[in-house]
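Two complexes are shown next, each including chain A; its partner changes from chain B in the first to chain C in the second.
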Partner chain A sequence: MPVFKLCLKIFIKKLPIIMIYVSLFLVISLLIAGATKTDREKGFVQTKTNIAIINYDQSPLVTGLINGLKEIAHIVPLEDEPSTLQDALYYRKVTYILRIPEDFTEKFLAGDEVWIEKTGIPNSIDAIYVDLQVNQYLRIAGLYKSQSHIDSAMIAQHIQKDMENETKVNFSGGEEVQQDQSYAMFYYNYLAYSLFSVLILGISTIILVFKNQDLRRRNACSPISAGSSNFQFILANGVYAVICWAIMVGFCILFDYKNSNTPNTLLFLLNSFVFTLCAVSISFLVGNLVKNQDGISALTNVIALGPSFISGVFVPQEFIGENVLKIASFTPTYWYVKANNTIANLNSFDMDSLRETMGYTGVVLGFAIAFLALALVVGKKKQLSQEA
Partner chain B sequence: MIVHVENLVKRYGELTAIDHLSMDVRQGEIFGLLGPNGSGKTTAINCILSLLKYDKGIIEVFDKPMTPYAYDIKKDIGIVMQNVAVFEELTVYENIDYFCGLYITDKIQKEAYVKEAIDFVGLGDFIKFSPKKLSGGLLRRLNIACGIAHKPKLIILDEPTVAVDPQSRNKILEGIVALNRQGATIIYTSHYMEEVEQICSRIMILDKGRIIAEGTKEELKNMISLGEKISVEVFGLSEAHVKEIELLPNITSVTYQNHTLDIKSHKGKNNLENVLDYIRKNGINFGTIYSEKPTLNDVFLEITGKELRD
Partner chain C sequence: MFIHIFKYRFKSLIRNKSMIFWTMVFPLLLATFFSLAFSGLNEHEQFKTINIGIIDDANYQSDIAFQELIQSLSQEEEPMFAAFLMHENEAKEKLVSNRIDGFINVGSPMILTVHQRGFNQSVIKLFLDQYSQTYSAIINIIEGDMTLVHGLVTSLEEGTVYTKEFQLSKAKPDNTLMYFYALIAMSCLYGSFFGLREVIDIQADQSPHAARVNLSPVHKLKAFIYSGASSVLIHTTELMVLLAYLHFGLGIDFGHQYGFVVFTTFLGSVVGITMGALVGVVVKGGEGIKYAICIGVSMLGSFLGGMMYGDMKYIIDQHVPIVGRLNPINVLADAFYALYYYDDYERYSMNVMNLIIFILIFSIITYRIIRREKYASI
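So, the complex of A and B:
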């Protein structure tokens, strides 16, 4: 396999330049990923809000209401002074104040119209939630009172019993809440730039070397068939691409091993591998188009950096203008990043959930096939012109 | 026959680069293809190696038709291209090792051949050098080593001494003769007539894609009327003297410039003696005298009417 070995030797000679890209990628990945890591909830924990209750009715019914509210809120003791209560609301010491009048239970059981006074912070979700609990308690109490003539203690007991029955809530699509994929998402997005750079630099350089007419003719004089030579050439480039990909994704798994044991990681790997194929195709095309090493360096910057800027590698797609994203959608990087963003938010892994991700990855694969076809046409055309 | 070419025609659009070329290269000879730049030497070589498609003709190597897929033929051919074809990314050793590896699969044998080739071209002190760091002469030697390392039966050298210093040139020419002595048949193309004359056993002269002469160097020189060229350094020669010298036997042309009298004559004995007798009898002072036989350039000049280096 002389051609295969030769390609690997040339890759190794280019290693210092390639390592600069890889090292830079790893350092930036670590720095930025560390800075952008978000603290996501790893489960649902009920929080309690602070409320105050000014109670002038010590009946069992009201005591039951207060006990019920204690389950969802902290009761803050406050004096019944208007200024104290206003300050408590203003400074968010409490979000909700409930005032229960002295004859509340009596009037309630007699069927008279009764009022309890409530004061809450405007538009506060916490206050609305407490409000709902109070209304629910009183509605159930009203229900028991209308059905039978029972005293307030009995009503309170029934309500307590009823409210102890809770409905179990499951998160749809998974029993466990997803693990944090924000680091992986950033890492794999940034991979688009680094992988592109490294592959174009390596593969295009090899193609440029072999494209040299004198060397091509010299090799054509040898007893190695064109088929075998091409096979060895493609194999070497494939090995190089897979090694680059494996090293880069390997570091992600190493850095983020706690969150890597998920189906999301498999999808990230699949998506990045398909993107690697696309980058290889583009590298083939670049190698066939450029005439010297300077051209490769220039095109590496344009092809790797340009789409990365407009496709959401460095700046999230949410912050990029619609028109820019429309332009970006003509590049594989855009679809690759879109797929990564979708994968990061996946909790369910059935076909319906995966359809969107697979669609984006499919577009990247389409780009890979198109660029490969283009590279083969350009390469063949140039070869034929040399043989004529 | 090692190489047999019959009525080869290669056209580039309107231009006929090779015009009905026929040639036979016999085993064990150094066959020279001589011609000015653009005469079709490299095109002919590229056609023989099936690197170029041609319009018409038959090419056989080792008595088998030569095609791009004739790998059993290619394994016995060594090629040294006109342009140095080596990998700049590899060292001297790695280059020779790669090209030898295209032909030799046995690792131990390959290593031995590579070492032999390095010794043969005298690059032992430069094996770890990048080709970029080699001088023009050393680079040419590397190019040769890459072409001959696998010990081929037929070696084709296409202008291997272009832009090479005289010392390296001599080394290369000596090497080619040594390879021939070791049993290799050699096709050597050049536009340097001295080189071809020095090492080739048979020579074909090309011009504008056509054969203008073929044979051994003696046969070629016998084809022309020029027998001898005499140069005499003389002082104060008159126009009348020049005209009288022109009338001497066998003399075909006489020129006198910068105190040098150039005389061309047909083949024949005593040409130099007749000229010297005339000079002595007329009391003309003279200095250095040269007499030389016709060169291949004279052959080319007489047949085409132009210098070989035109």
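So, the complex of A and C:
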């Protein structure tokens, strides 16, 4: 099988570049895996936001306020240095900074106008959340203040008691997902960029080599039938695609082996395989369109990176604007990512629950067929014009 | 002589399509992708009215205080809650379909039913907690002294606000900007492709073109500086196009010191080009390896400077600030950040000094290696 062998030789020559993509991908996946530790507590838990408190007043009233805030926030210790605070706020290490002045309690009890300075992200939900608690505490303190003979410690004591009144929360949420599929979801979504790049790079390079007119003529007069030559060519590309796919998904199962023994994994595999087919047909098209190697690396970045950005590979779909998602829905990546996101949240595997994912995977398959047809048409046209 | 070399160098450089793609078209595309992907990110953080259901039963009908509270809340301009009266079955259905975040069974204690955990649900709970806490406080106080009740009601109605907004900076802490700043920095460092090209075309052992140039009766350093000038011009122009596109096309905020922004970008371009030149003279090996090193340095630098993952820059700044200082992309991105977000120039000037040091180191080493290089045979 000389054609098959030739293709493999070209792939091996491309190996260093492909290895860069693969290893970059693995490193990033590992980093993210470390960052995504989801809490797995059951039932309702009060959400906590990160805040910083710069406190210059050590009275019992203020201590009580800070304890009250601990119910709804994690308090991050920060130095009172403008640049430290600014940076922390910018990078959302804290979402709210409170500055309690030295004479706060004194003035508060005396009935003078007094404020706690707050710095937050304007109009953000975090800021409103903390605001609610701060003002509530001080309003109740204000009520107690109207009693005669009361000092800051007593007020704090009273409020602490009042705060024990808690609302009962019923949590009607469905059963928790048994396995944590968030790592797998991220990993498979990210394949839309890495696997796609690797496939375009390899396959279109080969097509480019075979497109060379002299080479084509030389091949045409060899004692191998066109059918056999084409078959070997397709086989080589298929083998390449399957090997790339197997290596990449293999690492996911290796890294995430604890959660891999589930039906979800099978669905992920199926979905990513269909996406691989789609990437192969797009690579065929690219190979037929570009003129030289420079063009391939440029197009790889545009075709693999662009849809990844707008389809939710890097930034989750729920954070992306509606109109952008509408544009994205014209790319197979969007449907692939959507299928992955659905698979990650699947608990039951009867026909009804699978219908949605299968629908999305089906759309990807449709794209694969459409691009393949397009690639064949373009390829044939170019070939004819070359021979003419 | 300057005009001649400059002009032909310029022509030959702008015909190098692949270089123009990577240094101009690619950053423009990436900027567009960024802006599309981040389109909903800031909005996501913004507070939106929370929809709650209230079970319309005898308990609710008899709790007049709570009714009034709910009504007063819904009447504000940007209400915190939109409350709907409904029956329990309807509420359960709406809860599952996410049309309300929770529903309330009025009573003592109040019962909140939610379907998932989250901020909105926590806000509702906090709100209900506060209602019962205030109630408990009032009971507590009037138990001691009945006469205080009137004062309490007025003070509650006042709804005193004890917090006051205090901004640390005039600029909004919009953390998606960092990605764009890092992107500009990366494009600056892509100038290294130009610098590399310059060296390859002037060092006689690296290309036939350079061998020919070395034969001509032009002082080598002059030829290098003249052709380098056209690289700087092209690259700076490309970066200006990028800046204009970011600012006018995508609405990226750079603060108000446009002069400084342009100056920083120019410095960045020179850092990139001199870095490329340095790689060209120091690294032995083929063109491929030199380009790979330039790309590798830019990519690693962009990653550490927060272009792929925004928090990376903060992590580096907090734990290993020296790595940040040594990374040109981080320094450039930080300069833009300082211009946008800081009201003084201390941090900005430190970054500019840092950039100038880069330029000096890169150019001095390059100069020491390429000057007076003679070839007995190539």
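The rule we apply is simple: the second predicted complex is superposed on the first by the 250 of 388 C-alpha atoms of A that agree within 3 Å, B and C clash if a C-alpha of one lies under 4 Å from a C-alpha of the other, contacts with A are read in each partner's own complex, and residues count from 1 in each chain.
Going forward, a residue touches a chain if its C-beta (ideal position, glycine included) is under 8 Å from a C-beta of that chain, and two chains touch if they have at least 3 such contacts.
Predicted model only: the values in this text are computed from it and were never measured.
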First, second, both or neither for A:Lys9, with chain B first and chain C second: first
Contacts of A:Pro77 with chain B and chain C, given as first, second, both or neither: neither
Touching partner for A:Arg217 - first (chain B), second (chain C), both, neither: first
Contacts of A:Lys118 with chain B and chain C, given as first, second, both or neither: second
Contacts of A:Asn165 with chain B and chain C, given as first, second, both or neither: second
Chain B versus chain C as contact partner of A:Tyr144, first or second or both or neither: second
Touched partner set for A:Asn301, first chain B, second chain C, both or neither: second
Touched partner set for A:Ser225, first chain B, second chain C, both or neither: first
More chain A residues in contact [chain B versus chain C]: C
Residue ranges of chain A in contact with chain B within the complex: 2, 5-6, 9-10, 13-14, 209, 212, 214-215, 217-226, 387-388
Of all residues in chain A, those that touch chain C in their complex: 28, 31, 44-47, 72, 82-83, 85-87, 89-93, 97-99, 114-129, 131-136, 138-140, 142-144, 146-147, 158-159, 161-163, 165-174, 294, 298, 301-302, 305-306, 309-310, 314-315, 318-324, 327
Residues of chain B that touch chain A when the two form their complex: 46, 49, 51-53, 68-69, 71-72, 74-75, 77, 79, 81, 83-87, 89-90, 94, 98-99, 101-103, 146
Complex interface listing, chain C residues touching chain A: 17-18, 21-22, 25-26, 29-30, 33-34, 36-41, 43-48, 80, 92, 95-96, 109-123, 125-130, 132-138, 140-141, 144-145, 148, 151-152, 155-156, 159-169, 172-173, 175, 178, 308-311, 313-314, 317, 337, 341-342, 347
